[in-house]
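Two complexes are shown next, each including chain A; its partner changes from chain B in the first to chain C in the second.
Up next is the complex of A and B:
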């Protein structure tokens, strides 16, 4: 009797470690990252090579695929922050972020260019352009938020409106012209600040992560949005206003869109309304899903979402590196995403735990003896 | 198998992480008997039933069914259904957005096509024969909870089962409906169906059951023929100790200290709501326990929801300590020191995926403000204090509340509102669907709070409980306050008479 109890205990603790690992929300995104790293190590270790070159302006900058990944994932990571919150509180996703980025970028250019689409000097300080862009993006976020929170429209349907209209609005803001900024200082935010070899968007993304970490620590945003996402009825009876909480998450996503849009136009110093940030909403939603967050709302793990964003970018860059044509890239991505999302589904994780149970019972008995 | 048995469970074991939910439990159900399964919260009743219906896989033991030579392996609820085991759960598990008929036949239609007309006609016939006031084509969600429960039973009955499990079916039914259900159970019994009846109402057990099996802490205490087990004995077996009769509760209450001439803690004049209640007056004094009573749907819950601002109010004057205040939303009420434990725990009370800790601190945290979160250590301290004080059975304060038993969930919600430190606490059906031990605990707690100077409004469908705890009762009928009883008038007969009518 005593022996059998011992073996039960030993088995229990072994299971605990494994199932804790499997059930940790960071497990899937980190494992996916590890697989991608491993694949590249085997296929072509030069993937990880870094070099210090001079860019066209003559400043030393770091280059290599890893830098590209970190750089290009910045917008994705910033947007994943807002999307995670929207998902948690509203139980749905905002599919208009790509279009909203076009609007945000267009606003920045409009403010900087004034009436002339090829200005020789900036018509307004960059900070003013940025602030106006943030305000406009917050307003569009609030528009989505009001539709979702007060008119109780499904988030995907509500944001379909801006998804459809956004790029036209963006073109209209600049009278359908394509302004180009020639002042090099505007390019610092999307490229390099002279003398610093690391791309600026990386720093901006890190700043956003620090800000959201502080917000989550020093406010009740996490508790409130999770509570609203899980059970709006009891949240209301506990004094929370579910509509306001949902609205706030959409406005926060608006701020994220503004920052991402600002980076996007700074990268090229111009904008192409129809292709800027195209399909980025899908990558962002994937990042949230890959982070193991329930797309139906409720509990969330911000770190997992952000890692998810970098995994998606890692995958995209890997595919580019192997010369997959840009038309075919979505198909490859889809395959990988299916595998990752299925693996991160709770039901599969439980099966994995069961499988492990079946595979190692003898070992546990030995441990007990 | 024993002669005449339809179901035999032998040595059933079930473990959850950190908990032994069932240990070597035996259970036998005979043909044509109503068998009560009794036990406290967490005794393992629900787990045993979920093992029997294939919701949980068992970790040990055998299940034998009449008509099967060997032990059966029940892998899913569908499996259980096919073997003739039907269940009506405590919490309604039907789909509110489907029609009544669809709910009755969902998952049971053969083939891909459904004959809607035939389905509706048959559903209508069955509903009629059982006297259930619902139309087949009506959306289930538009029916009252009681009717939804009865539809669930109708669904189970129609499946021509050999074993019918009723898990707390009466907790949301009023007396007439309970009688109807009992009639139905007796006629099924005559047809040879074995019925497992799980309930917390002792009277009901003695009214319809033939045998009782008692569980405690996941172990079998024993199986008894009903005549051999008087009530007091049953209760002591469930609690595992000699039971000091519940009557003791009343002696603890002391209503003499209440100053009825002083300013009431809470006072409402002609408070009117949008939920079908007539404008009403209501007041409560410091240290007083009063209650709203009336049949299901009489408006007693709607009244307290109006007081708390849970539903929109359309008129009337509210005074707290003699000062007029506006209560338009729950937060207004909370800031004025009112707490409200809602009737529907699952829908309005718990936040299922959140931890016990977050559920406990939620209300106080909201009152403290969005920008001032408690530190982890503070939250931990609050949670631990109340888990200990209310004796909440949970693996840790990190456990999601949805994995706790009903009674323990209720205690967590109670902890939430006690932590908010209200002056006026409204408890709407706090004892519904939980075991006797916890019921007594909650009633004692209510009286203790009153003794400490808090005011409590207590609502319960069990008139006994109301009489034991309340010093004044507001009686409701059809959305209207029809009387107020106190002192010597607080007895079962008088209350019944007032509820039933006979206008003064």
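Up next is the complex of A and C:
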């Protein structure tokens, strides 16, 4: 009797652990990451090789697929921060981030180049360009935010306006010219700082993560955006102004866009309006979804979103390595997305739980026998 | 039910001007005013009937896509895969006709099949598994985009004779036409796609207005739970909306193919956004429950007229078109929002 109780208890706690693991929000992104890592280990272990090379300027740089992933996922991770907040508070997604990055990049180049599209020297300090870019992006974020918060337009559709016009506005800012900056110091932010072998965007992304962690820890942002996302009316009754909270999340996303746009133009020291950050909005939304965050708003887990961003980039790089053309990649991503959303759909989850329950009693009967 | 009572009559009259009708009237008025202004201020180009029919010729597929989109939007969903499905249909049909020696009829079947398959899968995922339509159709869009490139990565023109004959078939519009510079009378024409588009518009208009399924679309979009309590099969209704949208994407894809006559991965890029914009301008509310196919039709016409106006103003750099379209979208969205706010206020 006592033994059977013990075994029941043990099994109970085991099941708890299992269900806790399954229901932990970090489970899906980390499991996806593990699957990808495992797949690469089996397919070709050289995927994880790192080497210290010298770049054209003779500085030591780390290279390898892992570095590429960390490097290229920086913008995604930064954007995922803002997108998670927007998703949480407004229950919708901002699809204009790609276009907004084009605008941000265009502003940076415009300030740095002045009127000349091929300047020999920078026309303004880089920090000034960055600040102006942040302000402009915040303004565009606020535009989206006002439409969503005060005019009660669905976020996806409100941002459709900027999505349509963004790249055109970006081209218009620079008179449709393609400015090129020759000053090497501008390239430090998107590539390598001489002497440091790790790509700079990685540090920028980490800095952004630390900032958002501190903000979430020491302000009410998390509480407010979650409560607004879950129920704006009761939030209002509790003294939270849902409109302002939504607006703030969009402005924060604007800042993230500015940082990502700055990195993007710094990588190439130039910009191509129709190509820069193309389809990045889809990747960012995917990252948020992959992190297990409800796309209908409410509770969110920032860590899961950020890990999601790295998983997406891991997937992209893996596909690139296997010589999948950049356009065909989307088909594979689609399959991954469908599998993920189907698995995380509540109905499917219920069915799975039922299935497990069916399996578990059989076991206990066997054990009792 | 006696409607002789004057109060009831008045109430009926007021009820007739619902949101759907009000938004429809605004859309038609905007289109007419815009076109008349274009004729008056921009000279004779717009006065030629052919200019108008060219708008139809160029946007036949967009009309079909937008109608499908409106159906989904009326039920409160969204489908952003239609543009890439169009590209996939074009490429599949092109490859089928030119590389595999197929005929036009089987190409049509392929187009419909692709559309139906997308509608079916997306419908099941959205309606029965309760996944957000945006994410499902986003995946659909990715998938279609990737598949298009996997089938064939480069653009090529179709040279199948049967197809080219069908493509260049022009139906003259009786009683319309204009004299060209040489003084010859040139009758106005439309392509076959326009006829298909008009048929789709009429069929879907009747479906929404007079069938049970059509009324269910509005009920589900208006309020999911009340519709459920009234005994409407909400899941099936949503499923049907996505299925019909997929089907219309298939038809629209073939019409697009018929217009351009080539397969390319970059075909119909952004068509989903144009379709959403047209639906919104046509008075379909994103919140669901409000919308009209006739409005969508005029929405497409307004959108393309403004594009033509911008082009004929000499601002033909690509960015002006996009910026004006975005501005127009913005105005209509704000309009909807204001109408909705007023309605809520009067209710209270």
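Definition applied: the second predicted complex is superposed on the first by the 332 of 369 C-alpha atoms of A that agree within 3 Å, B and C clash if a C-alpha of one lies under 4 Å from a C-alpha of the other, contacts with A are read in each partner's own complex, and residues count from 1 in each chain.
In the analysis below, a contact is a pair of C-beta atoms (placed from the backbone, for glycine too) under 8 Å apart; a residue touches a chain by one contact, two chains touch by 3 or more.
Here the structure is a predicted model, which means the values were calculated and not measured.
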Key: Clash or fit, chain B versus chain C on superposed chain A   = clash
Message = Quick check on the superposed pair: does A:299 touch chain B, chain C, both, or neither? Answer first, second, both or neither.
response = first
Message = Can you tell me whether chain B or chain C touches more residues on chain A?
response = C
Request  = Answer with first, second, both or neither: which of chain B and chain C does A:234 touch in the superposed model?
outcome  = first
Task = Please indicate which partner A:139 is in contact with in the superposed arrangement: first for chain B, second for chain C, both, or neither.
result = neither
Message = Looking at A:218 after the superposition, I want to know if it touches chain B, chain C, both of them or none. Which is it: first, second, both, neither?
response = first
Ask   = Who does A:158 touch here: chain B (first), chain C (second), both, or neither?
value = second
Residue range of chain C overlapping chain B upon superposition on chain A, of 113-121, 221-229, 311-319 or 329-337 = 221-229
Query = So in the complex, which bits of chain A are touching chain B?
reply = 12, 16, 217-221, 223-224, 226-227, 230-231, 233-241, 298-299
Request  = Over in the complex, which chain A residues touch chain C? Could you list them?
outcome  = 93, 147, 151-154, 156-158, 160-165, 167-169, 171-172, 176, 282, 285-286, 289, 295-296, 325, 327-335, 337-338, 341-342, 345-348
Chain C - residues contacting chain A, complex = 78, 125, 128-132, 134-136, 138-143, 145-150, 153, 265, 270, 273, 276-277, 280, 286-287, 317-323, 325-327, 329-330, 333-334, 336-338, 340-341
Ask   = Which residues, counting only chain B, touch chain A once they are in their complex?
value = 17, 308, 310, 329-331, 334, 340, 342, 347-354, 358, 362-363, 365-367, 369-371, 373, 416
